[in-house]
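Each chain carries a letter (A, B, C and D) given by its place in the written order, and its residues are counted from 1.
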């Protein structure tokens, strides 16, 4: 329990940053869907370390092996087993700090929880864990596209205090992939790169914000009470490493508005029985259920905890105050690599709710 | 599926705003815990409409009946059935708008989902639904206190653009209950009241932000990947009606910080094996697991969608553009009544993870 | 956890034999289905004590109140809350034995599990608990009939060593209800009645076997590995009080057959793409998935544990050997009342799998 | 959904008989438990084809790779990923029958369910699927032994009409492993072998019954209503391929007994607060909860469906009547290899309930 996500389209992941590998089992995949394995690999490549000088230099090809669940390129409906081997694990960087809790890492909490810890890397708490969900999410994206036509796109909208100017309706995949920051505002992207380089050069790190949109989402997804669509999206996105905040639609800004400003008036759409809303402060969900408008949201990521500076901590063995200066290979800013993670989680949530809706309502 | 919450301490709720009543079934409650039924009723009274002139005038005593699961004042370990009757349902206010979708309400999405809708009120989408979770949360609070000593407190920290100045460490229950806004900053509370009155006098509504803290939370709660403590908290809180944003610890502000600013240095605590952190930007969770520090977060609520003004919408029967001017009894601002809802959801999440931790680790 | 059953069509029950009442919450019900509330009550009447002189004389009208989830006679898709009050609870019969564990009852195990026990009746372990599932199952039967046309029928096929001669294909509801034993073989039924009377007259009890068949079950229900249709049926039926054995199709008898005897040859059905099998040793499931043939099975029930005879046991307070001679109102044979329970559980399992199948496969 | 089993100690499996391999992910394993990997392999060797002349000659080493979740030989509490590669898959044997449904196999039902099928073997319906659960069960056995001392032992008690005479209390692992039938009654074992050889020589197959016992099970495991210990055991065991019947304790025989015969009188045990029962017709569970006595049960297996004889069936492409005469490598009798499968499922159920009990009750 705890490594699974989803009710009908359900993934269960395993693996640590140092060990035999990572993987996922997908249960409940609709049968007969053609899967493009290269497209799966491409998502992993977007998440991969070493893809640009702005991210961790750890060298991992992150080649995914699909162990089961496909036959002649199509889904069988049986579980899809995915395996990604660890190739460039390097426990030596951790040897010197194995008895010192890294500040704002999960070293202490893992030990507080389990009483045992694989100190050769971050274990399950490493962002490397996300390779499994990105692989599974890449399959979810394809199934979602095949059965309802939904598309999910995320991008970087802030790094540190550098904020981009972006109209979500105009963002294309090409714009996002046009620069290593994955920010569709080219001017802001350049500033962001400088901000990341500056952080890295001082052994420091910097946080950021990712924005996302899902289009062509059918109206009627989500459950009215606990499994509101935004609640499940919040859970999925707040389960990403380093995330500290979540917004749907107007988000925190909405809390300072009045109802007459915030309400989204309906208007008819010619040739359709589904109306549209003039504004979209709701972010595509009302009462926890999708209304057919684009679903939009944002996720805040804190700066990466591994900084190459001396810090104060306590000893895992004696409990006494000690200092620590981590080594290893880490990202100065996580958000460019987090873009495919965000897309994966959004796709997993939406597909699960598509299947739930047709299960209950037909 | 969809009306349940939690894995080991699990609640399942039922009921609509207009109908026989609302209720919850609690499964997995630890046995032998003394339950103070008056304290349960007191939480319902905090959530009740009609408690002040700032909230909806609907008159509901919200008396809870405990149908099962207790014997001589103690929990049996068997399911606790809770029932709260509807007393003051008034479908007549809905008669005139039953074929017009209220903007930013769940009227349209409910119909898009199910193809059928009880138009005599908001059904499951009504905030009245939360009476069941507040009742269940009131029991969770008592069990949590009894078995690990955790306390949960929430308060209003913003209404519209009025923000309070509050040091979370100093907030007491008495301070929160001292005014009908449930804002421990008395000066801000007065301004907030004026803001709410102003909105109400113009048939409008206003949003706000609730802050919360959980203290005496044992280190080690939460699961490293999908069931991170903050992910489950996000789900629980984003499942509250009208919520649009969630933050844990530093939240969105944390995304503009550097790692050297954001990292929480550890320091030893005399006489304890659990260290403390000098700052608490993490909000009490690291890698999804509690670290023993106070868990802190914020939830943003949009302005209530029912405004007593003319608005544009479409007809549920013809699909044509029509105008709507809702009637009925509604809150000009939801946040004072949402305080016990937030506390309930936080308590439900924490207690579930307490049981999960002792299940897996002992 | 533990009082819920089903994944998509899910019921959660509560209540003890002595207390405010019993009930169930149904989640995931398809919307827009007309529900005949009298038919629900009729199923409860079949399960009710006091319906004949062969069963417990406890007088319970078992009137069900539907608290939510219906509007103008149709399901809303929201949770259906069901409540059945206890009317004739009589704790006085238990006063004298409250500190003596009744042999083969759950008194000792309940206390071993929870450390606390409501001694005023059997609590959750009382067969009275099944009133909630029969009510929920009565709704499941109607939904199942409405969306796929499946019918479920059970009957008594053995009491003690009295076995009926029955061709499952010929059994009708009228035949089952024609006598208080609910055995469609009238001759055997008379013998069974005599057997039950004899047991009752000596303060003893007697066991029996129930057989059931589900017809018009679509091919394709069930999951190939853990959630095989027969596995979920086994779980559902073995969760009934006093059940000790489960068979699907050929059951234990099948283990002494050869493959050439047991295999069910396929043959085409004119005008249908679904073949039929010449024999049905499989009992309608192959590899855990329904094949379109009638699903058939049997459940063995032990004799009721409450016998009005002196027995040896231990004291709950001192642990010493003591004797016990229970009083109260109990059934000399549970199987006539268990017929609607079996039907309810079969219907709940099948409907859940119908929704699961259309969720995954569409 | 559908390939997972258990609530707290949860396994999720994947893989088909022909493809990249099979595996399991174990979630919720208690941390810090020493795992003997050779003992895991030994269980797989007991299940392996080709281990004697009485079973399928398919040559699979079934070497298990543990991909994650262990560190220095101990469990981390994180998911344990298990992988067993397919080595000797031979789709050619299926080529000639790919468009003819094998009688009593899952060929037809798989296609009815998913509309697509990997005809190169039985896919998920192949008994090869059980390799994953035996591996996971082998870990469960070790954890169970380490934390509560429970032992699980199964054996063959009938093959065709050959029944063994066995006192469950006297069976040892050595007695079970002393002959390739895994029947501790040596005389019966010899007869059984002859029966299997006879079946094989005529291209036929034969069914059988497995009996099992779990000793040193703490009192208090199991939940009173749907998750009764026997209900979860029934589900687990009826999810094994080819199982047709399940009994706990007295089973079907119990249905012909009277209460005065069947009731298990309690008697004190010197030096213990847990009494014992003089008889054990209950099979160690009362009201769904373990009572501290040995838990005993039986599972009936039908004869293997693959017989090397001509049979009647229908064409998957034209629907017309055709004959089929399967080839390939199959077991003439499944029960010797099913012994470790039964033990694995029993261990998985019991361990899950051990964790559930300490989660709820502490």
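Operating definition for what follows: a contact is a pair of C-beta atoms (placed from the backbone, for glycine too) under 8 Å apart; a residue touches a chain by one contact, two chains touch by 3 or more.
Since the structure is predicted, the reported quantities are computational estimates derived from the model, not experimental observations.
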Worksheet item: When every step has to jump to a touching chain, what is the lowest number of steps that links subunit A to subunit C?
Response: 1
Worksheet item: Is the C-beta contact count larger for C-D or for B-D?
Response: C-D
Worksheet item: Is it true that over half of the residue numbers where subunit A touches subunit D are used by both copies, so same, or is it different?
Response: same
Worksheet item: So which chain is farthest from subunit B, going by the mean of the CA atoms in each chain?
Response: D
Worksheet entry | Fitting subunit A to subunit B on CA atoms, where both chains share a sequence, rotation angle to nearest 5 degrees | 180
Worksheet item: Per the centroid of Cα atoms for each chain, what is the distance between subunit C and subunit D, given in Å?
Response: 26
Discussion item. What's the distance between the Cα centroids of subunit A and subunit D, rounded to whole Å?
Written reply: 39
Fill in: Centroid spacing, where centroids are CA-atom means, of subunit B and subunit D in whole angstrom
45
Discussion item. Touching at least two other chains at once: which residues of subunit D meet that condition?
Written reply: 1-4, 7-8, 13, 28, 31, 77-78, 113-115, 123-124, 224, 356, 360-361
Worksheet entry | subunit B to subunit C touching residues, read off their complex | 1-4, 7-8, 10, 12-16, 19-23, 25, 27-28, 31-32, 65-69, 71, 74-81, 83, 113-118, 123-124
Discussion item. Give the list of subunit D residues in touch with subunit C in this complex.
Written reply: 1-5, 7, 13, 101, 103-106, 108-110, 112-115, 122-125, 129, 158, 160-161, 199, 204-209, 219-228, 230-239, 241, 243-252, 254-268, 273-275, 277-278, 281-283, 285-292, 300-307, 309, 311-314, 319-321, 356-357, 360-361
Worksheet entry | Parts of subunit C lying in touch with subunit A, wherever the complex brings them together | 7-8, 28-31, 77-78, 147, 224, 355-356, 358-362
